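What follows is chain A paired twice: with chain B in the first complex and chain C in the second.
Let's look at the complex of A and B:
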């Protein structure tokens, strides 16, 4: 019987295993190998040379870009989670099931359009002669520099991750045990205290995973920093394109990419550990 | 022969059917020449060079279909070639400074100068630097342009924009943009620093260029690719731009945007585009025919007005065709013979060739550019 279950399990997990091997494990090993190759006359030469690691880790710009990217992605994850929570909470606890379904549908709609198009359309709002500045002009204010700023990059990050974070938060809030909330109310807990003492701890795993997804998406994003941030400050994704554009330094770009992957793995591990802390008891 | 009505009818019917069948079977054979699938010609080029406004006539006349692969810079172009098997690209468009590297790497075929209309070209373009290795030709110049100060005509006058110092104008803080490529930008700063050969500078001059460039950093509103440069100039987000010229502002100006380019008093840079035949191309004859077409007077006039971005052309007779076809555009670009025109700028020494750095490595210039961007 055990043998049958194992075969059954293997049969159904095999496609996933093959998929992961083909599209994650092998490319990852290739990326590691590539980071030790060298480039001569725009041609990559296989070998084992640590020069790319030494060069990239020895450049202040790399660490500046690393710190900037980390800070921007973390800020985006916190901001997105904070903005998403009231929305997800309202949908989960205040709306009828029918309206909830419509709300979820509306959340999914942004995914039907290209992220690049959505980011480009923000330029129409944020440019000096854009809609926001024109409206501020009617009030005798501005024009303010909105485009090509860190704030504009952050708006792009929110555009990218907010709908997904709301959905993930929503799915975790829906499964919060309602009896706990009623018990809190019976014990004269106010609404705000109930949220912080009962709802958030109960939905902690989903909320942390949602924030993690936001961080992952923003950490590797290239579109918003370029088209809304004007490429300033340099993020790791911009540094990768700069590195490959000049002299075809793909091995150096591999060093940046591997550092990004390692960072995301560590952040994901710590986040999941925090999310499930105390759950195994 | 003595068939009855029915028999004749049947016989005719059979004959008709056979005739129709034979005709149907023969039709593809008879019309194979007329309806043969077009020969595919692969072109590696900047965006726009294999678009219908440029290639449609040649395609129709020669039953050819261009398959373009567009790139966004010389390094990118070399990378694409180095990662492709020999013979992948039949026609290669390259900026002049990269032709030598294409040749050194063995990516392009030697050409016979007699095949191309050099006698119609201005003398300055008969033996363009880098296109020849000794007496062997490797690339044929097809168009060129000048890089200077691009500016918003509502914000700046031509006189104000006629110096690179305008980039440091406090009124333009955060309104100066860079076309995100180190060669043209650093070359312009080198000109501003008074380097007669902007790319052939010693260590002290290079330090001077770096210092001067860094002092511009707080003025910069962004670093833009091709599309971003277009949009930020068009919507007035950037009021002045370094590293570009009429090849971008010309298209915008023709479409009503309030932008222009000017060659400042410190001089301008010349970029040059030329066509080569890819090493190992199985369609070298057709590729040669294309280069002959686009460098002919007719093809040159077409190239000068290319929808993606206009350019100056080296074929003097092409100037005549352009003036006959579109005198307004010829005047706008400064290609009217007998008047003060684009050639005067070259001949007076105001324009320097854009090159790869001579005394420093390309990597050194690029690394500084990355540092500058993140400063």
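Let's look at the complex of A and C:
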């Protein structure tokens, strides 16, 4: 052990450590201190005052936003997982390796496409005179109000997290032991039953982690709720951006951010525990 | 061809599943394709039927000095972020590959976790902290924040390459009399060079697209994606499509370059 503490080793290991401590850990811990600061005459004053916590937690709008955000992100995680699964399943088990590679390559593309541009594009689809309503009009239907609805927010959330969830599910499904599936088939286990009794339990860790990532992404996203959902109902991330950008109420924004981090930690802990729990579902 | 047992196969269900895959991809690519198509559409309000082919939105974007400012900032920031995060990521990947030490789990968590923190929280934390130490509101603050979220990507890419290396190569160099530094220069770096370049391009691409943290900390030195966020708040503008298509082509070029480099030598077997 002792000989590892050499100039050579430190040259490679220290820079990242220092950078992430200075600019990742400290900023996050700084939020804790900041949440106890006060704002007087538009100037922040260091101190220890619980006023921001009391103010924010005393506001019904905060708890409304909290409930909304939690519900929306949970719904998005469930919906994304449910919609992604048949797709990942089909890619993993029904496509030839060559097509599979293409499928993976194509699913990587959205990560390098601006999310903002994709959200703007959905506005074009969903607006009152947008593509979908025009097409419905040809059938003599509509126009329907599609934009500025919870459904539109959900489409944005799907746009954000579906590619990642499909890829994560796919990687966990590919590693499912095929002999188990064959064994199930040989025992005359039906198709659906094989999926629920063999495939899903074997891939559970990956499936839960995928859903968790979807939850985290949607929980923190402010673009879809604003530009597709119309900002109503308000989510915590909208509250943070509003509180930060209007005036100097950063301490209050810090309260929201810390509440979000605490929530995410609890959810992540519970999901990982559930993922690795014994065989029983 | 198909690895599955003949027993549970029904062409109908298989066909339905394949159709479903197609629909899922259609959903994912619909906004990307629409943005591409409408960027060349003459009508101001994007709808169907389409107007005629036109490059006027590209010309409008190209003649906007603010866009050029944004592009300059984006490119400059992306280049610096790419180099710094690749260097940091390389160090972390090599540390993980070579050393075992107390607290390694914490070290790896620091090296890999940042992208999982929601960007609004990172943005706020960065803004508050950097303005406290007088580093906010300029390109440097965006660089600092982007390196935090980009270096994990570099670390992952380079670590994967190192795991494909014969673990006896480096000790062999030492036995032949090479110092640690010489072995690094003549063995490790040449072997990981494709991954280093790949990481460079991937981290640049990530930085090009990032808007939320940059929006919090950039002040007046907005990057192109932050400009797009501004356009989004304003009226409907096909300029977003033109910028989006441009950014897409830039990012994809970088990613494909990275992919070619990464798959250039040896099969990319994913061993942990």
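FYI, the second predicted complex is superposed on the first by the 252 of 281 C-alpha atoms of A that agree within 3 Å, B and C clash if a C-alpha of one lies under 4 Å from a C-alpha of the other, contacts with A are read in each partner's own complex, and residues count from 1 in each chain.
By definition in this document, a contact is a pair of C-beta atoms (placed from the backbone, for glycine too) under 8 Å apart; a residue touches a chain by one contact, two chains touch by 3 or more.
Because the structure is a prediction, the values reported are computed rather than measured.
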Just chain B (first), just chain C (second), both, or neither: which does A:143 touch?
-> neither
In the superposition, chain B vs chain C on chain A residues touched | C
What is the contact status of A:227 with respect to chain B (first) and chain C (second): first, second, both, or neither?
-> both
Which of the two partners, first being chain B and second being chain C, lies in contact with A:151: first, second, both, or neither?
-> neither
With the two complexes superposed on chain A, say which partner A:237 touches: chain B (first), chain C (second), both, or neither.
-> second
Is A:113 touching the first partner chain B, the second partner chain C, both, or neither of them?
-> second
Go through the superposed model and pick first if A:43 touches only chain B, second if only chain C, both, or neither.
-> first
Have a look at where A:129 lands relative to chain B and chain C in the superposition and call it first, second, both or neither.
-> both
Chain B and chain C contact sites that coincide on chain A, given as residue numbers = 123, 129-130, 227, 244
Which positions of chain A touch chain C when the two form their complex?
-> 1, 4, 6, 8-9, 11-17, 19-21, 23-28, 30-31, 34, 83-84, 86-87, 89-91, 93-96, 103, 106-110, 112-125, 129-131, 134-135, 158-159, 162-163, 166, 178, 181-182, 185-186, 190-191, 194, 213, 216-217, 219-223, 227, 237, 240-241, 244, 250, 253-254, 257, 260-261, 264
Report the residues of chain B in contact with chain A in the complex, numbered from low to high.
-> 72-73, 75-76, 78-79, 82, 101, 104-105, 174, 177, 180, 182, 220-225, 228, 231-232, 235-237, 362-363, 366-367, 369-371, 373-374
Interfacial residue positions of chain C with respect to chain A in the complex | 1-5, 7-8, 10, 13-14, 17-18, 20-21, 24-25, 27-32, 34-35, 38, 45-48, 87-92, 94-95, 98-99, 101-102, 107, 110-111, 113-114, 116-130, 132, 144-145, 147-148, 151, 155, 180-181, 184, 205, 209, 211-212, 216, 225, 228-229, 232, 236, 240-241, 243-244, 247-248, 251-252, 254-255
Chain B-touching residues of chain A, taken from the complex the two chains share = 41-44, 59-61, 64-65, 123, 127-130, 145, 147-148, 226-227, 229-234, 238-239, 242-248
